[in-house]
Structures are given as structure tokens and as C-alpha cells.
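Below are the C-alpha cells for one structure; questions will follow.
A, B, C and D label the chains in the order they appear, each numbered from 1.
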Amino acid sequence: MFVFDNLSILFLFLILLGVVPNLFYSFGYLPHIKRKAYYLIHYFAFITSMAGVVVAGNALLFLFFWELMSLTSWQLILSDIEGKSTIKAARFYFFMTHFGFMFLLLFFLIVTDGDLGISFLEMKSIAANFAYPSILFFFVILGLLSKAGAVPMHVWLPYAHPAAPSPVSALMSGVMLKIAIYGMFRFLFDILGTWQVEWGVLILIMGAISSLIGVLYALSEHDIKALLANHSIENIGIILMGFGMGMIFSSLHLPKLSSFAFVAALFHTFNHMSFKSLLFMGAGSVLHQTGTKNMEKYGGLIKSMPITAFTFLLASISISALPPTNGFLSEWMVFQSLLASSSIDSVTLKLAIPFSIFALALTGGLAIACFVKVFGIEFLGLHRSVNAKHAHEVNGLMKMGMILMSLVVVSLMLFAPFFIKLFDGAIKGLSGTTIYTQIFPNIWSLHSINNNGGVVSPLILLIALIVITAALYLVFRSLNIKQRVFHTWACGYNATPRSQYSATGFAGPIRRFFTWLYDPKEHFEKEVISEHKTKFIDASFSVHVEPLFQRFIYEGAVKLTNKISYFVYRLAHFEQSRYAAMIFNMLLSILFSYRIFVHQFSWATLALESVVMIISVKVLLLGEKR
Amino acid sequence: MILYIAMILLMILLSPLVLSFIKMLKMFLLYKKPISIFQGYRDFSKLLSKEIIISKETSQITHIAPYLVLSPLLLTLFFLPPVSSGEYYVSFVDAFTITGLISLSTFFLMLLGLDSASSFGGLGSSREAFISALVEPAMILTLFSVSMMANNLGVGQAGLNLSKHFPYEHMASFIFAGISFFILLVAENGRIPVDNPETHLELTMVHEAMILDLSGFYLALIESASSIKFMIFASLFASLFLPFGLDLPVVLAIGVFILKIFFIAFLVAILEVNTAKLRLFKVPNLLGIAIVFSFLSLITFYVLGA
Amino acid sequence: MTSFLIGLFLATLITALFTMRLYRLILWYSLNSLSLALLAITIGFHIGDNSMIVSGFFTLLLKAIFIPYILKRISLRFSLSRQIEPNIPVYYSIMLIPALLVFTFYLAEPITNMLSSNANYVAISISSLFLSLLLMIEHKNIAPKIIGFLSIENSLFLLGTIATNGMPMLIELGIFFDLLMAIVVINLLFKQEEEVKE
Amino acid sequence: MIYLLILPAFIMLVLSFWSVQKSRFVLPLTSLLILFPAIKLFFLPKPYSIWGTYLVADDLSAYVMLVSSIVAIGVTLAMSTLGLHVEIKDRVYARFYRFFALFWIGLTLSIISNNMGIYWIGLETATLSTVYMIKTNSSLMARKEAWNYMIVGAIAISLILFGIILIYTSFKPLLGEEAMNFSALLKSAKEIKSPFLFEIGFSITTLGMFIKMGFFPMNLWLANIERASFYPVAALFSGVLESAVIIGFFRFSKIAQLVNPLHLFIFVFIYTILTIFIVSFLIYRSKDFMRLFSLSGVEHMALIALFWASGGVFAALLHFGAHAFLKPALFLSTGILESKGKYKIAGALRGYSGVKGKVFYFLTALFLLAIISVPPSPMFFSELYGFGAMVDIAKKHQHLLLMIGAIMLLLVFLSIIFYKFTEIYQSMKYEGVEQKRVVYGNEVLALVLFAFSLLALLTPWSFEFLRSIS
């Protein structure tokens, strides 16, 4: 019925870490939600369902809780509505989750032989006898990764997460996506068992592409929550890279390396949970104070809301994978496991892995740029709008939530050994190899598993940084230098909010470099003075980037559906006048097919009959051309 | 161990010298009256004695960032490869960590730029963000491919291994890596053609724009940070791509090392004199070359093993 | 004798498909029913099944005489247009009808070796089902549609009679089916009246 | 027993000729009576012979009987306030009950019959009476649709009879006179002489039934009829009349399964995929509650047939029950939602105040979600198990990939429907303008009745009962 092995408990722990601060935050946020009871009911149901998915021991329970999770989160998105966009987003989200659910359903139906009550172990034996394991694999990844939001099933994320109330988007992005990762571990280990190398490569490539796409679109965003949502795509990509490497190694029978990669994936899962929740909370507080999600309207908030600002800064450093934070550590591990593959000789890998390394590196670089933009534009400089000017620190509960979550972030950095031990335990439960002692011979340094691989020691880095900084500061104090406060130098003018850089402007160079990917829609209006090109009173420049995938895949699908439905609609209206004729033809064709396919088949008769059918359809249904 | 500490101190001390050496050389080549080679020290001491002017619009970040710009770089100095084989060194720290530390300092530098609500700051950090975003992957890939050739991911150990047995069999990827790393060196330290450290013209400046509003001690921190950054890159280049002379007796080895550093500085100066500053949107082409080369070196190492 | 009557049945039905005048259509229908009735009676005598003979006579009265008469009365009363143009061109029908016949025989061919009674009978009744459907399709006016219904019912009866020699419940079913037909007719008349009123 | 079953209907028939004012309040009460014989039948030991071998009640028929009678009661409950939503003459009630009585008699016969002939007679009676139930709404559109229904229904009926005769023919040499009754056919289906003839007969019968259930190619006529007639009538159509047809399909296909399961499966599978393909896209386009629901009713019928044919008896019956309760409920609520004018979907669920209003709002929202098989609706479980059965057949089949592909296609069509319903749900709840709307006690009562019946379906006891049927 239920399973409580290491993996489940680990993810329960993850949910706990994610939820407890969120509870505080959520209750702090509550005054701004209209339908409180409604919200709370769904909120707790959502949390319960996530826990349920993690501990579900058979297919029926899993699917039930999974669908309940989708349902409640969908309702939570709808719990406070700001116009059509929210409704559209909610619909899109619900559809996508259902899309994923469909594949999970098929997967389970195949591996359970229709009896959904059986345990994962029994499923494994059934799956082993199934003729086409790759189909099962595809069902799994389509089902789970559409929830996790990996490219190309990621399009719903930047719509759904911003639409939800901030605590909920923190939960969705921080915890719910990880439930899908749990599913990956659970199914691939406990049900599918043995893997082909191609699967791992596929996951790896998906991860690489997701991370790049995610961060690139994040850079082009101005809606802060959408930006964070895009970053979730990126981080899921990183997690998947670790996961893919793990699969590759294990299918090449390198158990230790594979465990290392899986541990890396798990570690990043936890880290992403921590800092992404924190970021969403911070964004939520800012949104809650300024009443807008548009970054161009922020600015200078660090002065008015210091706690939000500094927790946000911590999270930003961590998500940009800067040492010595936890984000850095997990990305480091992923890197190590990518590099450990230098000895493997298989051309697909040799092409896939450098690409992934490249993707990961570029992602890191862009992530830094992106978070400088976010933090800088949001908290530094002068306020860009009246609301931002009058913003003040959020209430105690929300502060509490953020502080708790930042504690989680810090503890993930400080107590990395402890967490790694947990992850190692979980992986040991699945694959049976433990590597904790190789990773952490002593608690100071984190060793890579591959021969003459690197070592990093978070604690030493941290301490050294602190010591050096302190030393410098002491020097500063010892010199006891005078300070004077004066205006910023703005070429003789006063530094006004409008004189500073905007988010759009900040991302400008990068947008311009990747213009082939974005092809941005630029709107530039200005009131010129008496036909002068250059002299103008007022000008506004705005850029809108529509994601590539959305344009090509999704809107394409919608167009296709419309076409087909129109065709069907016309076809269905024959029967308005020609009942008898339609029945006649149907009867004819059915009898034909019985005679031909059931009794004895021959192409000649088939051809003959189809000719007759065509004639009768033409004559009776379509009639004469007029 | 003493030698190790001494080397680090030496590098710190040497770093302003190197920058002012470049400046001097450039001025000499441009038929100007060259500044003294000790100009760097003078500026530094002067800045220390001056008062700090904080602008109204800034926040606590201005008080924190300068330290955090400098300290990661100082920390990085500890992880560099040894200059002589006898010396103690931190073998294991890999490219990702070093790049990470450098980006940490860059991160705070960019925040610094955005903190004072001036348009220059934003401009500078936007450009810096752009450049460093493109530099980081190239740097990571380059260092990794080199350290793989040296068949140890730890940069320190890699430097030593390279000097022990030079990777003739991987010559192609080695050279690719070398080229890309040199471009990075130029780009990361804001030299022409990527950035012009002398000018304060908003069209051209990147690094300077971010620190316009700093003064006194903080400016001193930032300046020394940039010089140390150059030092780091130079010494990395010296010990990874010019890996010889480590087996000489210690004093000689150090001498050789310093010579290498000045040689690199010389190269940079020559480059600066002979090229014009690129437009910002031409910079990616240059960095593109770096990225492509680093990627190539990794690929060639992986796929061809050459 | 049986085969002759069946042939007659089919022939009348096919000719009904080509007629363009209402009264003649009605006439063909009554002939069609007549042959059906005679068929039932002969087979009834042949296998000594009284119920079938009864139903034969019943058919004779009801379908060969009564319903055609009623139909004619109705068409006079509501002055239905006596000119009924099939809206399927004749050359198509010429193509289609033989194709249908051939197909149904081809369809029924495997039955022969499975069944005691003659498979062609099944074939013919199926084809007559198709033909009467065709009759319904090819006319827009109501009266021919009614006749189409009625001849569907005839083909059912044919099947019941010849394919299964002797049937218990099916007689009653046939009667119920006539009930259905009667209701159809009445319904149509009311419809007519309503349209006349408007 | 047979009298007990028919009696309430007769009473209704007689009363309906009584003067309208008096009968108006008596009739709904009499219609309540139909429940008791159904319950009695339900608890009798099975198989229970009602009239020799002609009428024999087994678990299946008892189940269908019970479900149908509950639905009928719900509908008659809601019927009594029809006049408050649309303006009608009083005699409409009388006419409705008159033909409802006839309809009920026919339905009962067809459900409990163990004989193809009687089944067919019952079906025919039910069909003809429904024609007049449509005509209770005396609009021109209704008359036109009734006439169309006449044609289609008559053709379908005659096809069914034709098929029945062929089946009889194919079994005659084996069973003689016995070849009419289902149980005998079931017993001796294995050693049939001419499976081909049987399959032809079966396919013709099935075509007739499918046409009557509004499958491909006749997807629209049902929707049109239900649009044209009053909403309680539409509810009866989708909830009860369909069940009379589907039970026939159950019985015939059981025999066909014994004769050749694979042929049956493929036939039904192709047919239903075609149906659902058309229906899903029609739903995607439709802008009107009534059509939307009746089309999705067709979809559910197709699913039921498919589940049954692929051996998922439990799934099929569960789905049948859920459909039988949900669809009438939705049709009734549609009548109320449309009281402020037809074709207004945006905001249709807003503005219901008071206890009754709130309950109505809540229940309708739930029903809407339940119909797209969101857990814990019975449809969720039934689809789960039904698709499970299909996948099992696919695994036994030699073209596994093809089958899996086809099933995925089916799921894609279903998800299109899902999308549309999500859209409808959201726009009903969150879009549009809020305006005052009224709902009457008896309607809410009917909805509550349906809701409780759905809950009853979900109990482990009923699960276990349904499992026992197969």
C-alpha cells in the first residue's frame, strides 16, 4: 500500500523542508487572498497529495495522488484571479498535467497487467517481460518530465507559476517539480531496472537543452515570477544532466560513478528546492508590497525591505552556482560526473558529453548575468515607481518564512556531508552501491569519485573567504578613514530613477547576441519635437519575446486542431439531410470489411470493393457537383 | 610552505607593478613620456589616505561589495599552480572552483555598478554581465581540457604534470586551449580590444563604468582586485601553457616565472598598442572565437584524442 | 416456384427504383408484397407450417391490398405531387444496383457451406434491404420514403420467411413491425396536416 | 412480478388522461412508484425467471433497471418545475407522462427480456414513445427533429431486427426454436456452425444499435434532438433510453465474444475510435451546453461499448452507471443554467445565492469535473480499468505497437475533450458577468439524488457487486 524506503523518506524530508517555511510565509500572505477558506483547503490538500505521491506504494494510489496534486494546484492557481491571463494559464497548466498523466496511465497499465494494486516489485517482473522497454521509458519521461517542465514540455511553467499566489508558486516550483524527479528515480530504478545507454544520453541531452533554453528565456523576461519559473526549467535541466550521467554510467557498469552522478542530481534537487522557494518568497514579498510583477517598476527596495533583500541575495548567489554556496557544490558534482566520462569510448557519448559540459558552463555564466539583473534592478538603485517608493518590509510571518528558508539554504551548504550521507543512503537503497566514504573521507573536503578528479571543500572556502574579508575590514577600521555622503555623479544632473538602467536595457546586449533565438518584437514610440529625428519629449521602448517552442509546437498544434475540427464539423453536417445515405454506406462498408478481412482476404477483392464504396459514397453522399 | 606563502605575497606585491609596466610600455610605444613603473603603488597609497565619498542613492551593498570583490581573488591566489616543483601547492582545486571564485568577485562588482543609481553603473555592469557570461564557459572548458591533458582535474597538479611531461600527443587541443585562454585573459581583465582601462568615455568603458562612484579605500580595493585578477590569469597562463622551468633551483624558477609574467604583460601591451577597441557588439565575435576554440579543444581531446 | 417468386420480388423492387410516377410506385409495391405473400404461403404449405401460411394471408391482405389503397387515398387527399423524380441520376442507379447485387451474392457465398438452406436467399434479402434503403435515399418526397420503409419491412419478412424456414416469434415481430410502419404513416399524415395548416 | 414492474406505468398512463390540474401533482408521486419493483428485483435471487424463458432477470438487468429507475425519478422530480424555466402549456405535463409511461413499459421489457424478439419489441416501443416525448415541445425545430428521429430510429430498429433474424438463422440448425433466447445462445455459442453468418447478423444489429446511440457516422442527430426537446426529455434520452440500447449491445456482444473475441474487439475498436475522433472535434467546436453534453454522452457510450468489448466488464458497468447518473444531472442543470438565455456559457455558474443556490453551484461544478474523469469520480476508476483491459488485449495481440498507438490516439482525443471541458468549467465559474439566478428545491433535490447515487457507486460494496456481474 505505502512504501517508506530511504527514497520516500528522503523526499518526505524534502517536502518537509520545503513546506515548513512556506507555511509561515503562506499565513503571512493570507490577508491578501480573497477566498481564504477555499485557498487553505486546497493548499493543505496540495501538500498532502504531494506527500501521498511520494509514499504511494502501488499504481492506483500513485495515480490518485498524482491527479489530486494536479487538481489542487490547478485550483490554487485559480484562487485569486487577475483577469483572463490567469484563467488561460490555469487551463494550460491543467491540460499539460493531464497530458502527462495520460502517459503515466498508459505506462502503469502496461506494467501492471491491469491490476493496479500490485507493488512496484511485481511490476518490475512484468516490465522485464515486456517486448519494448523503450516504449515504457518514453511513457515515463513524457509523463514525468511534462510535470517537471523539461524542454520541450516546459511551456506551461512560465505561465502557471506566475499566475499562482506566491506561496503556491514557491511550493509548485520548489517542491512539486521535485515530485516528478522522485518519480524518475522510483520508476527507472524500481520498475524498469536495466537501462540502455541511449536512454541516459537522451536524458542528458534533454537536460542540457533545458538548462540553456531555461536560462536564456529567463534573461529575456521582465515579469519576475516568470523569470524565476524559467530558471526552474534551467535547474531541472541541471538535475536531469546529473540523472542522465548516472544512467549512462550504470548502463556502462560503472556503479560508483553512477551513484556519484545520482547523488549530484539529488543534491541539486534539494538545493533547487531551497533557493527557488526562497526566491519565490522574496519575489512574492516584493510583489505584495509593490503590487506588480513587472521588474521595471521596482528598484531601491533594499533600503526599505532589507531582510527580503538579503535573503534574496543569498538565494541569488546560490542559484548562480557561486562558491561556496550549496548551488555551487551540486553543480560542481554534476561537472565532475560529466568529466569523469573521459575514459568512455562511445561516439554518441563523446559528442553528447562535451556539449553538455559546454551547456552547463554557459548556463552558469548566463545565470550570473540574469541574477545580477534581477537583484540589481529589483533592490538596488532608486525606486522606479511610486509603489516601490512606499514599499516597506513585509509582516513578521512572511519574514519568518524567508529566514527559515534561508536557514535551509545555509544548512545545505554547511552540513553538506550530512545531506550527502542521506542521498547516498537513498541511492544505496536503489542501486546497492554506497560511495559516501569516497566522497567525504573527512567532513572538510568533497571528493570527486573519478580517478584524479578534483576536490572542493565548502567549509574551507567559506572560512577562508570570511577570514580574508574580515582581515580587509580590519585594515579598513585600522585606517579609520573619514566618510562623506554626497549625490551620485550623473554628469552634473541629478541622478533620477529614470536615469538608471532598466531591466530591458540590462539584458540588451545578451538579447542582441541571441537574437536569432529570441527574435524579439521591439516596440519603440517617441513624441518628437517638430519632425526632429533626435529631439523628443517622451519615448518608450519595450521588448516582447515569445518563446520559440510555444510558437512552433504549441500554437501549431492549436492551429491543426482548429483545421481538423472545422473539417469534421463540415463532414458531420452531411447527416443533417442524408441520414439514410450515410447509414447505407456505413452498412455497406461494414459488410465489405467483414467479408474481406474476416472471411478470406485478397487484394483484388479489396480493390474492387473499395471502388464500389467510392462510387456509392460519391453518388449517395456527395451527390452531383453543381 | 614558507615558499608557498612567500610566492603568494610576491604575487600580490608584484601585481600593481605588472599593470603599470603594461601602461608604461604602451606609453613608450606610443611615443609618450612613460609613467614610472611604480605608479601603481603610488596610486594605491594615495587612495588609502583619501576620504571615502558615499553617494546618497547607494545601499549597504556599496559597503560590502568591495571586500567581496577582492577576497575571492585573494583566495584564488592560494590555488594557483606552483612556480617550482619543490614548492608546496594546493593540488586539487579544479577549474570550476577557480572560475567560480572569479565570477563571485565579478558578481559583486556588477552589483556595485547597479547600486549607485547612475546610468554609467548600469551600463558598465550590463556590459560586464554580457562579457563575463560569455567568458565563463570558455574559461571552464579551456581549463578543463588542459587539466585533462595533464590528466588531473586539479589545476595545481595539472600545472606540475604538464611541466613533467608536455602533452605532445594532444598538441592540437593544447594549442586551441592556449589561444582561447589568451583571449580570455584579455577579455576578463578588461584590456583592449574588449575594454579600455584608460578611458572614461561611456561609449567604451566597461570596468571603469562600474566603479565610477567609488573612491578612497573602496576604490583601492577594487583597483588591487583588478590587478590581482590580471596576476592570476597571467600566472595561470604561465604555468599551464608555458610549463617549463619548474625544475630549476627555486630562485631561478621564481625568476623564470616572473619573466614569464612580464613576457605575457609585454604581449598584452603589444596587442593593445596594435589593435583598436572593438565595438561592444563586435566583442562577442572575439569571445566567440575563444568559446569555439575552447570547445574545439575539448572536442578534439575527447573525440580524436589529439 | 419459390425461386420464381423470389425473382419476382426482386424484380418488382428494382423496377420500383426506376419509376417516376407515384401511383405506379404504389402498384409496384403492392406487387412486391403480393409475391412475398405468395412466397410465404407456398413455403408454408411446403414445410407444413400453418403460422407461416396465416402470416402469408395476413400480408396479402394488409400489404398487397390495404396499405397501397390507403396510400393512394392519402395521396389524393393531400394531393401529393404524382411526379416523383429520383434525385440520383439513372445512370448511377444502373451502375449501383448490379454492383450491390453482385456484392451481396459475394457476401453470402461463404454461408453456403455452413448452412442447410440456400445462401442465395440470404443474399437476396440483404440486397433487397439495400435496394429499399436506396429507394428511401433517392426520393425527396414523403410518399416514396414511406414506400421505402414498407419495402424494408418486406425484405425483413422475406428474410424471415426464406432464410429460416419456419419461425416462432418472428411472425409476431413482423406484426409489431407493421405496427411501427402504421405509426410511421400516421405520424407522417399528421406532419402533412400540420404543414397543410401552416 | 411482471405486473409489479409494469403497474406504476399503467397507473401513470391512465392518470394522464385525467384532467390536468388534478393529475399534475399526482403524476410525479406515481412516478416515484417505479423505484420499488426495481429495488425488489435487485434483491431477488438471480437468475430470476419472471415469465418462463422469455423474461429472466439476472444481475446485469437488475443493475440497469435500478439505475434507470433512479434516473427516471430524478428526471420526473425536475420535470415538475419545467414551467418556471420555459413557458409551456399545462397539457404538456400530461402528454409527457403519457408517453413516459409507454416508454417505461418498453424499457422494462427490453431490459429484463431474455429473448431477442421481446428485447426488440421493448426497444421499438421505447423509441416510438420518445418520438412523442420530443413532440411535447411544439416548436417547429422540435417537429423537424422528431421527424428526423423517426427516420433514423425506424431504420436503426429495422436494421436491428434484420440482424436478429440473421443471428436466429445462424443458430437455427443448432438450437431450433430456442435460437431466440440469449441464455441458450450463450450456452451454445462455441459450437455454432456458421460463425460468418452470425457475425454478419451481429454487425448489422450492432450498426443499428450504434446508430441509435449516435455513433459514427450519425454523431449529430442525437445532439440536435436533445437540443430541440425540453431538457428533462433530453435527460431521459441520455440517461435511460441509451441504457435500453446498451444492454442489448451487452447481451449480443457477449455471444459474439464467445464466437470470436478478436473480431468483436477490432470491429468495436475501429468503430469507437472513429466515433470518438469525430465527437472530440465536434465537442472542441461546440458553443452550447446541450450539444456539448450530448456529444460527450455519445463519447461515454462509445467508451462503454469499447470497454465491454475489450473484456473490461467491471469498467464498462461502472462507466455506464456513472454516465447514467452524471449526464441527466448535467442536462437538468443545463436547463437551469440556460434560464437566462441559451448559448451563454461565460459566467453561467455565477450568481447563485442562498442555500439552494450554493448547493446547486457546488454540485454542478463537481459534476462537470467528474465527467472529465478527475478523481475521485467513478469515471476516473472506470477509465483506469477500462484502458487496462484494452492494454491487456493489446499485449496479447501480435501488432502490439499498432494497438498501443491506437490507444494513445484514443487518449489524445479524450484529452481534447478534457481541454474543452476545462475551458467551459473555468469560463462558467470565473468569466462573464454575475447576474441573479434562481433554482428550485425539487431540482436541487434531483441533483442531490444523483450525487448520492454516484457516491453509492463508489462504495467498495458496489465495486464488489459490479465485479461479480462479469
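To be clear about the criterion, a contact is a pair of C-beta atoms (placed from the backbone, for glycine too) under 8 Å apart; a residue touches a chain by one contact, two chains touch by 3 or more.
Just so it is clear, the model here is predicted, and its values are computed rather than measured.
Traced through touching neighbours, the fewest hops from subunit B to subunit D number 2.
The chain occupying the central position, as judged from C-alpha centroids, is A.
Between the chain pairs A-D and A-B, more C-beta pairs are in contact across A-B.
Of all chains, the one whose Cα centroid sits at the greatest distance from that of subunit A is C. If you average the CA atoms of subunit B and of subunit C, the two centres end up 100 Å from each other. The distance from the centre of subunit A to the centre of subunit D, with each centre set as the mean of the Cα atoms, comes to 43 Å.
Inter-chain centre distance (subunit A to subunit B, centres taken as mean C-alpha positions): 35 Å.
Taking each chain's centre as the average of its CA atoms, subunit A and subunit C sit 68 Å apart.
The set of subunit D residues that touch two or more partner chains comprises 151, 155, 196, 200. Within subunit B, contacts with two or more other chains are made by no residue at all. Counting partner chains per residue, subunit C has residues 107, 110, 133, 136 touching two or more of them.
Remark: the chains found to touch one another pair up as A-B, A-C, A-D, C-D. Listed in rising order, the residues of subunit D touching subunit C in the complex are 115, 117-118, 120-121, 124, 128, 131, 143, 147, 150-151, 154-155, 157-158, 161-162, 165-166, 168-170, 172-173, 177, 180, 193-197, 200.
Interface residues of subunit C facing subunit D in the complex, by the touch rule stated above, are 107, 110-111, 114-117, 122, 129, 133, 136, 145, 149, 152-153, 155-156, 159-160, 163-164, 167-170, 172-173, 176-177, 180, 183-184, 187, 191, 194.
Against subunit A, in their complex, subunit C makes its touches with residues 87-89, 92, 95-96, 99, 103, 106-107, 110, 126, 130, 133-134, 136-137, 148.
On the subunit A side of its complex with subunit C, the touching residues are 578, 580-581, 583-584, 587-588, 591-592, 595, 599-600, 605, 609, 612, 615-616, 619-620, 623-624. Of all residues in subunit A, only 299-300, 302-303, 306, 317, 320-323, 328, 331-332, 335-336, 339, 342, 347, 350-351, 353-354, 357-358, 361-362, 364-366, 368-369, 371-373, 375-377, 379-382, 445, 448, 452-456, 461, 464-465, 468-469, 472-473, 476, 479, 481-490, 495-497, 499-501, 505-510, 512-513 touch subunit B in the complex they form.
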